[in-house]
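First chain A sits with chain B, and in the next complex the same chain sits with chain C.
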Partner chain A sequence: MRPRLTGLAAWWVQRASAVCMLLFIIFALAAFALYPRHSYLEWRSWAGSPGVALAILAFFAALLLHMWVGLRDVLLDYAKPAGLRRLLLGGVAGALFGIAVWVVLILARLQT
Partner chain B sequence: MKLSISRYNPEHDEQPYLQHYEIDLVASDHMLLDVLLRLKQQDNTLSFRRSCREGVCGSDAMNINGRNGLACITRTSALREPVVIRPLPGFPIIRDLFVDMTQFFKQYESITPYLVNDDSPPEKERLQTPAERDKLNGAYECILCACCSSQCPSYWWNPDKFVGPAGLIQAYRFIFDSRDRATAQRLDDLGGDPYRLFRCRTIMNCAEVCPKGLEPVRAIEAIRLKIAQVPVHPGGLDMHPPKSPT
Partner chain C sequence: MRSTRPVFLNLTQIRMPVGALTSIGHRITGMLLAAGVPVGVFLLDRSLQDEQGFADVAVLLGHGAVKVAMVLVIWALAHHLLAGVRHLLSDFDVGSPLRLARRSAWFVNLGGALVATFAAGAML
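Here is the complex of A and B:
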């Protein structure tokens, strides 16, 4: 089985996603430090604003891609039997997809 | 000095075991290899490779107190006792401290370790500017002792697919040589495969244990940047004072 996101593409994705995550973390920390939010409603209103929701979505997209490249590398090293490797890769892909759907649902609910 | 040395004779032993030795040091026992050579006079079944005894040939690479190094440049005065000596980790053991380096040299051979240049030869030699020559610094000094590849977890898991730090620092040496004309083929060969170059996880054990103070991890990063067409620092690779086993 030849994984698709490999070699130079995976190397770029890992670095670009790390930069995306770093930018969001700096943005979030600055937002928390400059405008402290003390109640659930304030938090909800902040996270639900379109710009921040888009940034959160980009952060999780970068995080999940980063996790996929990293976890897949670990499995390629340690899970040698092809069947076991496919099973574990499928499990990781399923879990990451589940997290992605969950994030989208939460952000969509914040818009209502 | 107390030593525990890994012994294995495939004709008698099912698996390697540690044999304990005790030997009185004499004034000429400066390096660990001096002690091993005197031990071999007492027990001529003890087997290990050695040749130049001055850190140039790389034959006596072994795992000393958990760290790969060359016995001939490891000072006895710096070693904790008992000194535990094992063969290079991750390599098949032939006998005692002898390891089978076939796979290691297959990976080395796979990077085409020679200049490829079909241009008509000049009257004397192919010249380089000092700046072009500087690019080879930190790579040409590699003696292929295998300390780095043998201490690299990525190489342990995929020795047949991942070229390993020793092969890749040699690949760097030819990719960045101004006289070589096969740069594109070399980059395609390494970059077009998910394992050969990209299995390096930047663990950096290679730089940590290199007895010459080289940093193969920097060579690997430079090759990746070259494939990605990102400018690379022009002055060769970083080096550091080498650390010996203690």
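Here is the complex of A and C:
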């Protein structure tokens, strides 16, 4: 069975992911306000430190789930022909999956 | 049987209450931000690649047109975030009476614009 993110589950995911992202945004803004990173080495060592890398990973997990629920809502509202809707939903799902892989690769590279 | 009641859905002529603008803005800014995500991930990737990549991103973010795009994204994020918090509050039944809902809708619309104005002042 394909996992489906619909109805109440989607509603919860949209809200829980929003709160996660809000916390990360506050954390990131505070981090940059208190300690601006002006050089590559400072930036890299900050983003690559285990805690921050994990926070970035969690942020993108929340972001991609949030994007899926939101973009799905938009497509369900406007893409009426079933075939077109399926095509666009598939395209969005593929793109989000690609972004997830991309982010994991970026963060993994920092750990080497 | 097909309904014959008059339907008038010309969005350019319907007078929208302030909450409708907040709501439509939430959707439009959401799509804008979604479009910006791949660009953001690309910049993250490049800036963390090596010294040269970091310098390239710094130069790119210094361009005038890119700064204008960044102000737009900051507006979108501010509006989307404020409208989202307004949604979360209404889930807890905070601010549902019409007068309060209209006031918070104004707060969201103007707050987003204000943040964008500050961002423009700081960057441009």
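By definition in this document, the second predicted complex is superposed on the first by the 109 of 112 C-alpha atoms of A that agree within 3 Å, B and C clash if a C-alpha of one lies under 4 Å from a C-alpha of the other, contacts with A are read in each partner's own complex, and residues count from 1 in each chain.
The definition used in the following text is that contacts are C-beta pairs under 8 Å (C-beta built on N, C-alpha and C of every residue); 3 or more make two chains touch, one makes a residue touch a chain.
Note that this is a predicted model, so its numbers are computed, not measured.
S.K.: In the superposed arrangement, does A:82 touch chain B (first), chain C (second), both or neither?
M.R.: neither
S.K.: Is A:106 touching the first partner chain B, the second partner chain C, both, or neither of them?
M.R.: A:106: touches chain C, not chain B.
S.K.: Where does A:34 make contact in the superposed view: on chain B (first), on chain C (second), on both, or on neither?
M.R.: neither
S.K.: Looking at the overlay, does A:18 come into contact with chain B only (first), chain C only (second), both, or neither?
M.R.: second
S.K.: Of the two partner chains, chain B (first) and chain C (second), which one does A:71 touch, if any: first, second, both, or neither?
M.R.: Once the two structures are laid over each other on A, A:71 reaches chain C alone.
S.K.: May I ask you to name which of chain B and chain C touches more residues of chain A?
M.R.: C
S.K.: Touching A:43 in the superposition: chain B (first), chain C (second), both, neither?
M.R.: second
S.K.: Using the superposition on chain A as set up above, list the residues of chain A that contact both chain B and chain C.
M.R.: none
S.K.: Can you name the residues of chain B that touch chain A in the complex?
M.R.: 153-154, 157-158, 191-194, 197-199, 201, 224, 227-228
S.K.: State the interface residues of chain A toward chain C in the complex, per the touch definition above.
M.R.: That would be residues 15, 18-19, 22, 25, 39-40, 43-44, 47-48, 63, 67, 70-71, 74, 95, 99, 102-103, 106, 109-110 of chain A.
S.K.: Report the residues of chain C in contact with chain A in the complex, numbered from low to high.
M.R.: Residue positions touching the partner: 27, 30-31, 34, 37-38, 41, 44-45, 47-48, 50-51, 53-55, 81, 84-85, 88, 91.
S.K.: Where on chain A does chain B make contact in their complex?
M.R.: 2-3, 6-8, 10-12, 73, 76-78
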